[in-house]
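Two complexes, one shared chain (chain A), two partners (chain B, chain C).
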Partner chain A sequence: MKQFSALLLKEWRENLRNYKIFWIPIVFILLGITEPLSNYYLPQILDATGGLPEGAVIELPDPEPEQLMVAVMGQFQLIGMLVLVLAYMGSIAGERRNGTATLLYVRPLSYVSYFLSKWLMASAVALLSVWAGFLAGYYYTAVLFSAVPFGEFLAFAATYSVWIVLVVTLVLFASASMPNGGLAAGLTLAALLILQLIHSLFGSQWDWSPFRLPNYAASFLDIGPDAVALAWTLALSLVCLLILATMGIWFAKRNRAKTKV
Partner chain B sequence: MLDERTILLVLPILVLQLALMIFAIVDLIRNPNPNGPKWMWAAIIVLLNLIGPILYFVIGRRNY
Partner chain C sequence: MNLVEVKSLSKRFGNEQAVDGISFELAEGSATALIGPNGAGKTTTLSMLAGLLEATDGEIQRKKNLTIGFLPQYPRFFPWLSALEFTEMAAKLSGVDAKKARQQSERTLGFVGLHQVAHKKIGGFSGGMKQRLGLAQAIVHQPSVLLLDEPISSLDPTGRREVMELLKSLLGQTTVLYSTHILNDAEEMTDQLLFLKNGRLVEQGSLSQVRRRYEDPHIRVRFENTDAAEWFVREAPWPTSVKGTAAVIPVKAEGPAIQDVFRFLSVKSLPVIGVEHETASLEDIFLKVVAGK
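And now, the complex of A and B:
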């Protein structure tokens, strides 16, 4: 426990000094603000960029606030996830290359504490970013259009949080198992893309998959997901998370021999 | 078109982008060994809004 808090303090300082704790949330907040704002100014933007005949009247229906929140989530699924994967791809693999690992691994190190300290810090930054981004999007949507019911919004963001923690776990597992950060990012993105593709091709009946989490999050803003399917999805996500974390700890221990001295 | 309301709405975006740029520039100045020439990264950070600082933090910092 003492070792864990020492390692967590190290992770905290590292995230503070490489500014991850500042710049990742800022990116998510910008993504959250831009979506409602660009929808609000869409008529002016169309007007300014031209291409419409003189005197044409554009009648755009106001987008539903729920649609805007789902669009913000879509941005997080693309750019946000890419940023998170690239930011944390090197957290274990990079340490083996830049010498930090040499300082750590010569001590009697608990690899459980080692992996979990990284996992806790990365998840905290990811959750901070996602919630800050969603709240910024929620606020702008409420000011410019109308508010989504706050209870529905909380359920939506909470469900999406489970998904983002799962993604962070996958990145750390990849970082522990791969020889360098680039390959770790490649493995994570390939796994996410291929599994999502398989899911959209064959998965219309797979209601219990972790890949359904973003869909279930979005449906909280609509009629709400099926409670049984959601419960099984959450249980299965927890199992996936535990498996990935266990394998990550095992790989972190096994790959210590690859450390550059 | 640039009425007070628009400015108030867009101001947070400008402030946040400026903050991101400042974080990246401060880190670049203090970085002894960036992944490429410093003047190039300075130009990328300042000229490319939003993408520039992200590129620097992800690629230029050599933390992988």
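And now, the complex of A and C:
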């Protein structure tokens, strides 16, 4: 516990002094407000980019606020995810590679505390970012169009939060097992893309898969997901998270000899 | 009493045998110098003792509850932490209570002469300051064994002297094992010498023991030119050899004393520059033991 708090303090200072705690949420906020803003100003944007041909009449129906929130989530799934992967790919591999880990590893270090301190800090920043981004999107959607029911919004964001924490755990596992940050990012993105592909090819019946989490989050804005399927998905996600974290801790310890002396 | 006993320790990386069956002990309060050329296996040995590397073979027996402080050759720090923050974290990770960790960190930074920059970010530190901070993080938890990998070879002469003084003031309180290729240092602070070559211990013992084995006493008579040296070698009543413009006479039981050489020289008018009695320096011993010269 003493080690955990000392390491967590170090992670906090790193995220604070490298400004990760500021710039990552700002990226998510920008992603969150872009969707409602660009939809609202679509006529002006069309005009500015050359306009429509003379005489063409186009009716732009107001988008549903639910659609906008799902579109925000789509941005998070692409750009937001990439930002998180790039920001945390070096958490462990980078420390090993630049040799700063050596002065930690020569102590009677608890690798559980070591991994979990990084996991907790990265998850906190990711959650802060996701919620800040969703709230910004929610606010602009409500101001420019109409509000999504707040209860539905909360369920939506909470379900997506589980997914994002799972992704953070995957990034840290990759960083613990791979020799450098670039390969850790590669492994994470490859795993996400390949599993996503397999999922869309064969997974129409896989109602309990963690890859369904973003879909279930979105369906909270609609008719709501099947409660049983959601419960099983959450349970399975937790199991995946525990497996990834355990393997991450094991790899972090095993790879300690690879630190630069 | 031995704090650490190393028994036929080996480490292999793929096909390369980095450390090959070495055995030695670290007695409590002693200072041991690990001497050898680059690539001899010094860093690998220290890394195994520090617990960073697993041995391929052999074992390291540590006394119960042994605490270790380790200074790598090029210690690398988180640039966004201050010296005090880093030292405090190091102490806590080594099991020091939060309250004591602060006190001991401040005291240790004072000891290594960094108290004025204790709150400055490490990112702005010079090489010498980082080396001192490296020493601070190694001793802040008052370890029973201190492992230092080339603690001073990257420093300029002033920094080297200062860090040497710091290390010497730790002798006696702490058991120290350090690697070096600067032999003057080893001469100044050592109870035990370990000569490492290609992963093997080729010589070990106290400074005086090793000295006695290799001292090779001789008298060197230096002349202005080679002709005089060659003449001396022909005429002198002792087995003598020419080395450049000097004649070298080994001093053995049956050999001459330096007075005999003076007496012999006084009746000849040779262009003598100097007569010295020499024993092998640690550097000569190093070359003989390690480089096989």
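Following the convention adopted for this analysis, the second predicted complex is superposed on the first by the 259 of 261 C-alpha atoms of A that agree within 3 Å, B and C clash if a C-alpha of one lies under 4 Å from a C-alpha of the other, contacts with A are read in each partner's own complex, and residues count from 1 in each chain.
Please note the rule applied: a contact is a pair of C-beta atoms (placed from the backbone, for glycine too) under 8 Å apart; a residue touches a chain by one contact, two chains touch by 3 or more.
The shown structure was predicted, so the numbers you read here are calculated from the model rather than taken from an experiment.
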Combined model on chain A: chain C and chain B, fit or clash: fit
Partner chain in contact with A:N18 - chain B first, chain C second, else both or neither: both
Touching partner for A:G181 - first (chain B), second (chain C), both, neither: first
Which superposed partner A:A257 touches (first chain B, second chain C, both, neither): second
Touching partner for A:F150 - first (chain B), second (chain C), both, neither: neither
Partner chain(s) touched by A:W206 [first = chain B, second = chain C, both, neither]: neither
Nearest Cα pair across chain B and chain C, whole Å: 8
Touching both chain B and chain C, residues of chain A: 18, 98
Chain C-touching residues of chain A, taken from the complex the two chains share: 2-3, 5-7, 9-10, 13-14, 17-18, 98-100, 102-109, 256-257, 259-261
Residues of chain C touching chain A in the complex: 43, 47, 50-54, 68, 70, 72-78, 80-81, 85, 88-90, 92-95, 97-98, 134, 137, 149
Complex contact set, residues of chain B against chain A: 1, 6, 9-10, 12-13, 16-17, 19-20, 23-24, 27, 50, 53-54, 57-58, 61-64
Of all residues in chain A, those that touch chain B in their complex: 18-20, 22-23, 26-27, 29-30, 33-34, 37, 40-41, 44, 83, 86-87, 89-90, 93-94, 97-98, 140, 144, 180-182
